[in-house]
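Structures given as structure tokens follow.
What follows is a pair of complexes built around subunit A, which joins subunit B in one and subunit C in the other.
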Partner chain A sequence: MTAYRSILLVVLGLAALPLAAPALVGAGIFAGANTLYNLMVFVLIIALAAQGWNLAGGYGGQFSFGHAAFFGTGAYAQAILQTRYGINPWAALVAAVALGALVGAVIGFLAFRARLRGSYFALVTLAFAEVFRILANAAPITGGAAGTLVPLDVRWANLQFASREAFYYLALAFVALVLLLNRLVERSRFGTYLVAVRENEDAARALGVDTLQVKLKAITLSAAITALAGALYTQKFLYVDANIAYGAWISIEALLAPIVGGIGTVFGPLVGALTLIGLGEAAKVAIHALFGSAIPGVDLVVYGVLLILVIAFAPRGVIGLLDRRAR
Partner chain B sequence: MLRSYPPQIVLEAVLNGLLTGAVYALVALGLTLVYGVLHIINFAHGAMLTLAMFAVLMVHLGFGLDPYLAIAPLAALFFLFGYGLQRFVISPASRNDDGAILLVTLGLSIVIENALLAVFRSDTRSLTLDYSFSIVDLGFALLSLPRVIGFGVAILVAGALWAILALTDTGKAIRAVAKEKLGAALVGIDVNHVYAVTFGLGAATIAIAACLLMPSFYVNPRAGNAFVLVAFTVVVLGGMGSIPGALVGGLIIGVVESLCGLYLGDSLGQIGIFLIFILVLLLRPTGLFGARA
Partner chain C sequence: MTATDGFSRRHLLATGAAGAMVLSAPGLVRAQAAPVKLGILQPVTGNLAQDGEYGRIGAEAAINEINQAGGIKSLGGARIEMVFGDARSNPEAGTQEVERMHAEGVAAVVGGFASPICLAASQAASRYDLPYVVDVGVSDQIVSRGLKNTFRFGPGFGTCTRVAIENLVKLNDAAGKPAKTVVLVHEDGLFGTGLAKLMNERLSALGFQILETIAHPTPARDMSNVALRIRALNPDLVIPSSYYGEFVLLARTMQQQRIRPKGIYAVLNGAASNFRFVKEFPDAALNVMDCNHWADPRKPKTAELRRQVEATGRFWLYNVPLNYSAVKLTADAIERAGSRDRVKIIEALAASTFSDHIMPYGPTKFENGQNMGAAPVNTQVQGGDIKVIFPDAFADAKPVFPVVG
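Now for the complex of A and B:
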């Protein structure tokens, strides 16, 4: 029960952000309420994409380097279905998730049936994402290199909101749902099989676990969640192009956040996304204060250093560190 | 809808593909060597190539050193850099765990690429040399001189690498560790030293590749990425850990890319490479020359 209580507490804590917003803006940490909400929605979208990665990568040990393939499919589906086919954005959201799941199932089926593991699995997912990026950059339906713009039309029915808080709560609701889902998976037979596959796939198979099916389920669910993140991205920023949707950046964010936060844990992706983006922004601010202008790439240098430090000194991530202090 | 071209243009595309392919092979050699011994994919390979390309640029702008004359000093410098990276960063940080090595090298690539971005910004730079646009006339085809030189040196380096592995004591130690790490340690080989030497050799081949590329290519902080995905393909196609595989794989990929560019246009030219990559991974992950794992 305590696990569900901690999920409730964390979600309530994040839901209280609008209460703290005036103080944060007043203290000069954020330029304005807009900046704060944009950043926090971005954090939640990354957390969601990372929650997807964590299911297959964290619990199942299948390190994908190409979750952009799923994020991008969700993002493009959300944009194309409403702009080209006039489908309602809420319905498009459902379709985007389904399409992401389908892409996950197909890539998973091909890769796992060929028994790709470890580095090979990482490489093949990377290659799929890259193929999608090149195709999306050239195909007419995606708008090619110019990308696809979703027209501004602020209505509830249109999944566009006048109030800043609304989209934040929507994203938070999805993150909370996936936290619960993660917890249920952890407790389920499927979750146990998944961890068994991670720890020793051959032993799991010898004990009668259908490892192919377990991995397929994991990657499909994983892709669906990451596609949802992509669809929300489109809906928030109302624009998508090949380098956003299928770019390496999102594959890296989706993988870094759980590892930094705590791989294979319910809260890892969320904690990791907050830590990474928080530190990245702090680095940008510090650089700006020191040099008087922005220097590109500084936040990513921080990400890379953090990744190496976590692997060297805190293999269980930020959550592992907090655990150790609590004891 | 394939356009048809006169045979001379196709022949020229094939020859140009072979020339590019040799440099791909050289980039892939470093990757395959490290994979063969450490059994990990070095994700920082592309970023290290970019770093080397900037190094070539800087020694040219700073000291007026010709890229071809920079080969020896930069190869030595990158050998030390690679040695130190493996010995003092990758190995201690990852405790030699496979998954952790993969992620540490990913972290290194992010750091190197973005540090370069912070220093040099995203501008694309190139060298202007009096021979940059020189042409070799074969009678039936015109080829760019820097790329012909690149082809020759790449083949020489591959041969030298093979000789080091086959003939020297260090080479024997590297091969011993690649085959059986525990056994090698038991007969007194310092495995961590051998790992670092291997990584250093990989870095040195990248530095040479950078010297060969710069006279005819440009550099920006993401330039190495284009090569590294191609190099992954070459390594997978040739068989992970196989040196002849990397050479043959590189030449094949160079020709495929050149022909895809000719028939499908530049923007889709790389698709052929990735399709080969995915197909080889799915159908024959051991590649052309690799042994069954």
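Now for the complex of A and C:
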């Protein structure tokens, strides 16, 4: 049970964050409790997208540069199903995840059937995401370049909450669920096959692993999780356009977070998202305290330098660094 | 005993007087009024950094001016304190800054620049009844959501395209209808795509022949294919709708290749009414027309602000007067509300008839948050300067059209 106890501890720790809010506000790190929740919701959405990436990329070794294709599908499905077809947002959330999974399965099928590996797979996913971006920018159903706006109507039934805290807990619940799912996968036969495929695909096939099926399963699940992140993004910001949904930024965030946090680990994506966005915000606060707001962009430089340091001195991510310390 | 009595009475009086003075002193300080915080949201990092920086310059100029003139008088001369937020060219950072501004107790927020940032940030502000004044964001969705807190001082997309087409027809008719064929060049985002679609429908109905509609991405590193296509089609008129870099590339390539249509008529273009383009590439910019935001050249304040900006070695971009005016509009609303109460400021904004701005709009009049008087103007690059050619009421030059016989 120790494998699950760590998940419980981390989730409880995050759930107790509101208790720390007054102290953080008092210390001048955050201007208000809602500023903290707003930031944390974004961190959790990125963490979720990264958890999706980590399943196929971290455990399965299928490095995708185009998880925006899944994120965007989830985001657009969530927005379009509500605004054009009047479907309840909770139901739309389920449909968005299913659609994301479908897109994952199709892209996976096309790419894996063609035996694309490594950089070739990465480039194909990148191309898919870009094609989706261009299509979404032109198609009338997505609102074209003007994007799709979800009307503000704060009700529980509408998946819009008056308090920032409620959305934080919702996002946290999903992240917790995926943490659990990751652990289950890790300890299952499927997870072992997946790692075998990552380590040596030919050897795995020689041992009788149906590599195509394993990789397909992984990318479908991965896409579903990332689509969930996209759908949550839509509910949080109530607006999507092609560059937000299918832009390269989310593909990069989704793969950078596990790389920084610890690739192929349960907590890697979450730790990575916290570190990346946390570092950016911390740099911003520190620069603001030291120089006032007079030098915009300096925080991004500091963030870049810190990122290089993390990569240089923690090649197995922050989790790897912590592991080494523990030993 | 009596002595003690007397002493104690005198002592009591003295203490009382001293106490009263001590108590009243902070009251006196308070009467000189705590500053009113005003949130200025601009993308000063990322790919919109140039626009954000100029928006900030405009907002800062207005705040300094108001403070030098004695602050908000109805609040006892309270100074305006700027709470600046960097939207980092994306909507998430925009909302995060609005959350911070709310927590720091701003009375209102001005800015946003890009439509996605304005949409997300004004929505976040609406949760706190925080007044939000959009400076540029042209998407008409911004003012169609029924948000009580959101006001747009400048014109929206619909107004801009309508005016652009009206003035194009006027221009062409006045010159004896020399332009019959058109090539549309547009970037594939919100401005360009929507504009090209509208232009396609409307211009065809008005008797123009659209030879081709060419889309290009932003950023684009090379526009020579587009230029060669234009040469092959040989249109009378080129209508480009692109951001700064792409239009500069296109105009330079067309100049190098000696492609000379009868006119280049840009709409909401990032470069055609930008002094940087005019100064750096005077030959390519010559006679380029644009329909865009522009300050009113008749107002003395316009020239003064322009001198002030150019004295610091910067260019005169429309972001400066738009933000300058939007901040003054907001300050006027706070003045009339006579309160830091956000709901009262929203009411004051909704009832605003502010006219001390430097845009060519007349007194403001908000309907569902949109300033109904807001409109773009037509400019043309002539003799190294940007002149206004429409509307006639304050044009300072006659249009040069057609450019070649």
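Just so we're on the same page, the second predicted complex is superposed on the first by the 298 of 327 C-alpha atoms of A that agree within 3 Å, B and C clash if a C-alpha of one lies under 4 Å from a C-alpha of the other, contacts with A are read in each partner's own complex, and residues count from 1 in each chain.
Note that in this section a residue touches a chain if its C-beta (ideal position, glycine included) is under 8 Å from a C-beta of that chain, and two chains touch if they have at least 3 such contacts.
The structure presented is a predicted model; accordingly, all values stated were derived computationally and were not measured.
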Touching partner for A:111 - first (subunit B), second (subunit C), both, neither: first
First, second, both or neither for A:127, with subunit B first and subunit C second: first
Touching partner for A:138 - first (subunit B), second (subunit C), both, neither: both
Which of subunit B and subunit C A:304 touches, first, second, both or neither: first
Subunit B versus subunit C as contact partner of A:32, first or second or both or neither: second
Subunit B versus subunit C as contact partner of A:296, first or second or both or neither: both
First, second, both or neither for A:286, with subunit B first and subunit C second: neither
Which of subunit B and subunit C A:16 touches, first, second, both or neither: neither
Contact residues of subunit A, present in both the subunit B and the subunit C interface: 134, 137-138, 296-297, 300
Touching residues (chain side subunit C, partner subunit A) in the complex: 44-45, 49, 84, 86, 90-92, 95-96, 99-104, 116, 119-120, 123-124, 126-127, 139, 141, 145, 147, 188-194
For the subunit B and subunit A complex, residues of the former touching the latter: 40-41, 89, 92-94, 98-100, 102-104, 106-111, 113-118, 121-122, 221, 225, 229, 232-233, 236, 267-268, 270-271, 274-275, 277-278, 281-283, 285
Touching residues (chain side subunit A, partner subunit B) in the complex: 61, 63, 65, 110-111, 114-116, 118-120, 122-124, 126-128, 130-131, 134-135, 137-138, 248, 252, 255, 259, 295-298, 300-301, 303-305, 307-308, 311-312, 315
Of subunit A, residues touching subunit C in the complex: 25, 30-35, 38-39, 42, 134, 137-138, 144-147, 149, 151-152, 154, 162, 237-239, 241, 243-244, 249, 293, 296-297, 300
